[in-house]
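First chain A sits with chain B, and in the next complex the same chain sits with chain C.
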Partner chain A sequence: MIELKNVTFEYGSAEGAAGGIGETVSNGSLKNINLKINEGEFVLLTGGSGCGKTTILRLINGLIPNFFEGKLEGSVTVDGFDVSHAELYDTAKSVSTVFQNPRSQFFNVDTTSELAFACENQGMAESEILQRIDKTVSELHLEPLMNRSLFDLSGGQKQKIACASVAVTGNKIILLDEPSANLDLKTIDELASLLKKWKAEGKTIIVAEHRISYLWDLADRTVVLKDGQIVRELSREQMDKISEEELHALGLRSARHPELVSGSHSQEMLKQVQHDSGDTTCFLTLQNFRYKYRNGYLALNIPQMQIPVGKITAITGNNGDGKTTLLNCLCGLGRRSKGTLLYQGKTYNRRGRQKLIFLVMQDVNHQLFTESVLDEVLISQSDANEDEARRILATLDLEAFADRHPQSLSGGQKQRVAVASAIASGRDIMLFDEPTSGLDYTHMLQIGEILRSLKDQGKTGIVVTHDRELIKECCDCEICLHDFNQINPAEGGKDA
Partner chain B sequence: MPKLQLNPIVLIVINILAPSMYIFLNGSFLKIYLVIFATVLLLAMGCYKIFLITALVYAGMEGIIMLSSIFHPIESFALFLVVLQQSVPCFGLVFALMKKYSSAELLSSLETMRIPRTLVVAVTITLKYIPTFAREFKYIRESMRLRGIPFTLRRPVKSFQYFVVPQLFRCAALSEEVTAAGLVKGIDAPIKRTSYFEQKFRFTDALILVLFIAGLIGGFLWYKK
Partner chain C sequence: MEILNSKSKKTLLDPRTKLLLLVFVSVFVLGNAGGNAAAEFRVALNYLPLLLLLASGKWKPVLFSVIFYSLAYAFSTMLMPHCKGLLNFLILAMCGIVLRFMPGIMTGMYVVSTTTVSEFIAAMERMHVSQKITIPLAVMFRFFPTVVEEAGSINKAMAMRDIKFGGKKALQMIEYRLIPMMTCSVKIGQELSAASLTRGLGGPGKRTNICRLGFGWCDYLTFTSLACGLLFVILQACKVI
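On to the complex of A and B.
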């Protein structure tokens, strides 16, 4: 049994804080939490960004106060064992954790070593480790992923390895911190079935998550947090009865899978748009978009595709359908990308597109360079104009942060800074790569609002996303890339 | 013929011993001895490509050194090559080590050599982070290009800052995450780590090491006379 008794925690420094300067979200600290989790129970922890759900997981696995320092009151026990005063390697023998970011939760460079890692640290015998790895690999069907470099795996594959490394330890308590943040719908389904299996095996599972729909039928109990306090606990019966409106009122995302917009539907929608306007100038026309890797693998082959101008278009598809490759080709990155873009009667080649299109990357940290938010906007303008820059910042509620360092802002604020630079650069077409991955309901709505306001300013938005709720919220049409990307497997992807 | 399977420790020990022996042993003996020993090992391990490349490099250097006796302007360069050439057999073995064994196998053998845990962890992180850094730099370069911010030598400091600042912030975040991930998997447990590799020290491993050391001692005694 896991028990948190009268737990109050405040982070010692900025680390662990989810909210940025001046944002109203709290920083992940907890106030007087009392929570009991029984053996074999499946608990969903949810709530807005910075509500403290990750903090609860860190208390259970001992990272607080052993790694993240701060002021801790109350007691945290796992099977009567006080984890906050125990050494981390002792807690590691009973509690396993899967983290959000598949890129940085591995300590090794290849998959098999990562599976063995936790057992090796416990000094387990070789034969025992090998036996456990074999068992896990066959149970989770990981044979194709074994003995491979972790750098060559996709996000979904990495998350599978992370789950497998937890399974190898055989620990009874498994914590998962937003495990679906970087996964597509298909991989999320696979994750859900793995969780179901673990539940059937009697493991205690605690998941902190914004995206609750894939867990809704699995969890025995949902704990809703706000500003570091438990504001609502839903039993299984209550979870079955609660309405979507009530969930949204609690600041939560949809618990039931939002209705899927089918491929044919999106085609219909496209035709509709075309019919309404009567001409083709209101389309971005992609012609012969191709991308071939150095090893000859053809990742993208789109003979023709049309994206409506002045609308928000969602590009969906599973991992491997070429979504990111399409974005890179659209912005003209990568010398091996081929194809032309027709826009307002002009043809743009790869280099031309670099000046036409702006990409807001999934990890915005890669595209903020300067010392202040204002500078970030100024360097994007062709002629630096401070008044204009401040006006743009004001439209995105960033005026108050003009002199702040961009890296001191929260994730959502950084995203808005990137959008501000996009507007300042005067480009008409804006691409967004998974803008809502790992965002809570409120911030998802905020992104939807930004996208709609860009549309009102006459911009064209293209959003690569797995987020059905975002699509429902702001997208005018949806293109399922799988229907357009003609990678012919019969030719082994090696045609010229 | 079956290829020789060696414990990586053998290669590591040879590589540590060989260069330091130049202090005690006759240089020209050691030079030839190392060439022969490395050739036999590389061929026995089936590293033909590495052998060919190192042999070519070695021969090329030898050629330049010989040429320097008739063509004096390259004398100082040749002198530099004389020193460099001595380490070519060792480089051949290091390449074989890198090609034949994964980083995890190397680390587990470092563990058996009782090298301090902190050093082993440092080596792991370094091995892991070289490709990570490369990837992060690529993203940053691409996003600079997209935003129309050129990396120009006319404004080197500014350009460098644009390039390095995001990388530093990424590093800080990533290193925190990776450390936390290691800790919850018990990286700092004060016990002897085991390893899932069959990394036993076999008879052939011992034989090769004994032969190598016997050759060195033999050479030492022979030239001492």
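On to the complex of A and C.
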């Protein structure tokens, strides 16, 4: 049994906290939390960004206060064992955690040693570890992923390895921190069935998550947090009854799978648009887009594809369908990108496209270089014009942060800074790579609003996303990449 | 089964042998120990890592280094005696850099690319090295490729914003590159440590390891040749004295 008694916590420094400076949301601190989780229970922790979901998980696995320091009051016990004062390596024997970011939760470079890692640390006998790995690998069907470099795996595959390494330890308590943030619908389904299996085995599972739809039928109880406090606890019966409106009022996303905009429907819509206008100038026409990896693997082969101009188009598909590769190709990044783009009667080759299209990356940290938000916008303009830059910042509610360092802002604010520099660059076509991964309902709506306002300014938006709610919110049409990408089926089976 | 395959798939050399090789290359080639007496040994040490790289199937860097070595040897023996002044100095400097540094880099490349993190930890444990030294070194194995991945993404962002050599703002390029690099590295470093701590790294008990370590005939061959080389150098040095 896990018990949090009168827990109040405040992060000692900004490093572990969730929100950015100047953000109105709280920074992940907790106020007087009382929570009891029984053995074998499946609890869903949810709430807006910075509400303290992750903080609760960190309290249970002992990272707070042993790794992230701060002011802690109250007590946290796991099976009567005070984890706040225990050593992390002792807590690790009963509690396992799957983290959000698949890039940075592995210690090893190859998958097999990664699965063995936690058991090796406990000093378990070699034969025992190998036996456990064998069992987990066959149960989770991981045979194709063994003995590979973790750097060659896709986000979904890495998350599978993370879950498998938890399974190998056989720990009874499993914590998951936004495990679906980087996963596609198909992989999320697989994750859900794994959680179901764990639940049947009697493990205690606690998931902190924004995307609640895939967990809604599995969880025994939902705890809704806001500003570091528990605002609502829903039992199984209440979860079955609650309406979408009530959930949205709590700042939560939909609990039911939003209906799919069927592929054929959007295709017909595309044809309709084309038919109505009768010419091709209202389309971006992609011709012979190809991308081959260095090892000769063909990841992208699109003979022809059209994307409407002045609209928001969603590009969907599963991991390995080549979505990110398509974005890189569209922006002309990487020498192996091949293909031409027809836009407003002009043909753009790879280098030409670099100056035509702006990409807002999934990890915006990669594209914020300068010392202040204002500078960030100024260097994007062809001729630096401060008044214009400030006007752009104002349209995105960023004028108050003009002199701040971009890296001190919260994730959502950083994304808006990137959008601001996209607007400043004067480019008409903007690409977004998974803009809502890991965002709560409010911030998802905000992104939807930004996209719609870009459309009103006459820009063309192309959004690569798994997020059905975002598509419903703001996208005009949807292109399923799988229908266009003609990679050799024999090769297509391999996950890129 | 995959796992069984992994047990039989052992690299040619034991990690400890690889470290010894790295020490020899650093001392004799980079450090120029032994002076003229070790000249022949040095040439042998230049080519040994290449043989090993070739054996692990990495022929591209091998081809690259063979071309560079040959050019450097050719320049220093054939061209240099006929040059004077600045030109002589330039050739000396360039050949020196190639012949001194490249073997070390190649050996390092061989060691890092063929050793897994857990093999490395196991080897260090067999040598009774403290965890305080082993763990930070092991994290580096993982950290550098991650940083290289990040750098790739940052490069893309730069290209898209038209910040590149020859483009506008070429001067600020280094600064622009370092800022996101540093923030990402700090964040990744923190997440990596948090993740490994929750999995029990650093406990006081003895760690076990599933990888098989042990010296094979390749290791003994390497030991013997290194010992012979060392003996040869000492004998030559004595004769000179």
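Annotations
The rule is short, and it goes like this: the second predicted complex is superposed on the first by the 489 of 496 C-alpha atoms of A that agree within 3 Å, B and C clash if a C-alpha of one lies under 4 Å from a C-alpha of the other, contacts with A are read in each partner's own complex, and residues count from 1 in each chain.
Here is the rule we use: contacts are C-beta pairs under 8 Å (C-beta built on N, C-alpha and C of every residue); 3 or more make two chains touch, one makes a residue touch a chain.
Bear in mind that the values here come from a model prediction, so they are computed numbers and not experimental data.
Superposition model on chain A: chain B and chain C are shown in a clashing arrangement.
Within the superposed three-chain model, A:T395 lies out of touch with both chain B and chain C [touch as defined at top].
Of the two partner chains placed around the shared chain by superposition, chain B and chain C are both touched by A:L63.
Once the two complexes are laid over each other on the shared chain, residue contacts for A:Q354 go to chain B and to chain C alike. In the superposed model, A:S154 makes contact with neither chain B nor chain C.
With both structures placed on the common chain, the touch criterion links A:Q105 to chain B and to chain C.
When the two structures are aligned on the shared chain, A:C331 is found in touch with chain B and with chain C.
By the touch criterion defined above, A:D134 reaches chain C but does not reach chain B.
Shared-chain residue A:E143: touches chain C; no touch with chain B. Touched by chain B in one complex and by chain C in the other are residues 15, 61-63, 66-67, 87-89, 91-93, 95-97, 99, 101, 103-110, 112-113, 116-126, 129-130, 133, 151, 165, 328, 331, 333, 354-355, 358-359, 361, 363, 365-370, 379-380, 407, 421, 425 of chain A. Within the complex, the chain A residues that touch chain B are 15, 61-63, 66-67, 87-89, 91-93, 95-97, 99, 101, 103-110, 112-113, 116-126, 129-130, 133, 151, 165, 328, 331, 333, 354-355, 358-359, 361, 363, 365-370, 379-380, 407, 421, 425. By the touch rule above, chain B contacts chain A in their complex via residues 102-104, 124, 127-128, 131-132, 135-136, 139-140, 142-149, 161-162, 165-166, 169-170, 173-174, 176-198. Note for the complex: chain A touches chain C at residues 15, 61-63, 66-68, 87-93, 95-97, 99, 101, 103-110, 112-113, 116-126, 129-130, 133-134, 137, 143, 146-147, 151, 165, 169, 328, 331, 333-334, 354-355, 357-359, 361, 363, 365-371, 379-380, 407, 421, 425. Within the complex, the chain C residues that touch chain A are 1-3, 5-7, 9, 116-118, 138-139, 141-142, 145-146, 149-150, 153-154, 156-163, 169, 175-177, 179-180, 183-184, 187-188, 190-211.
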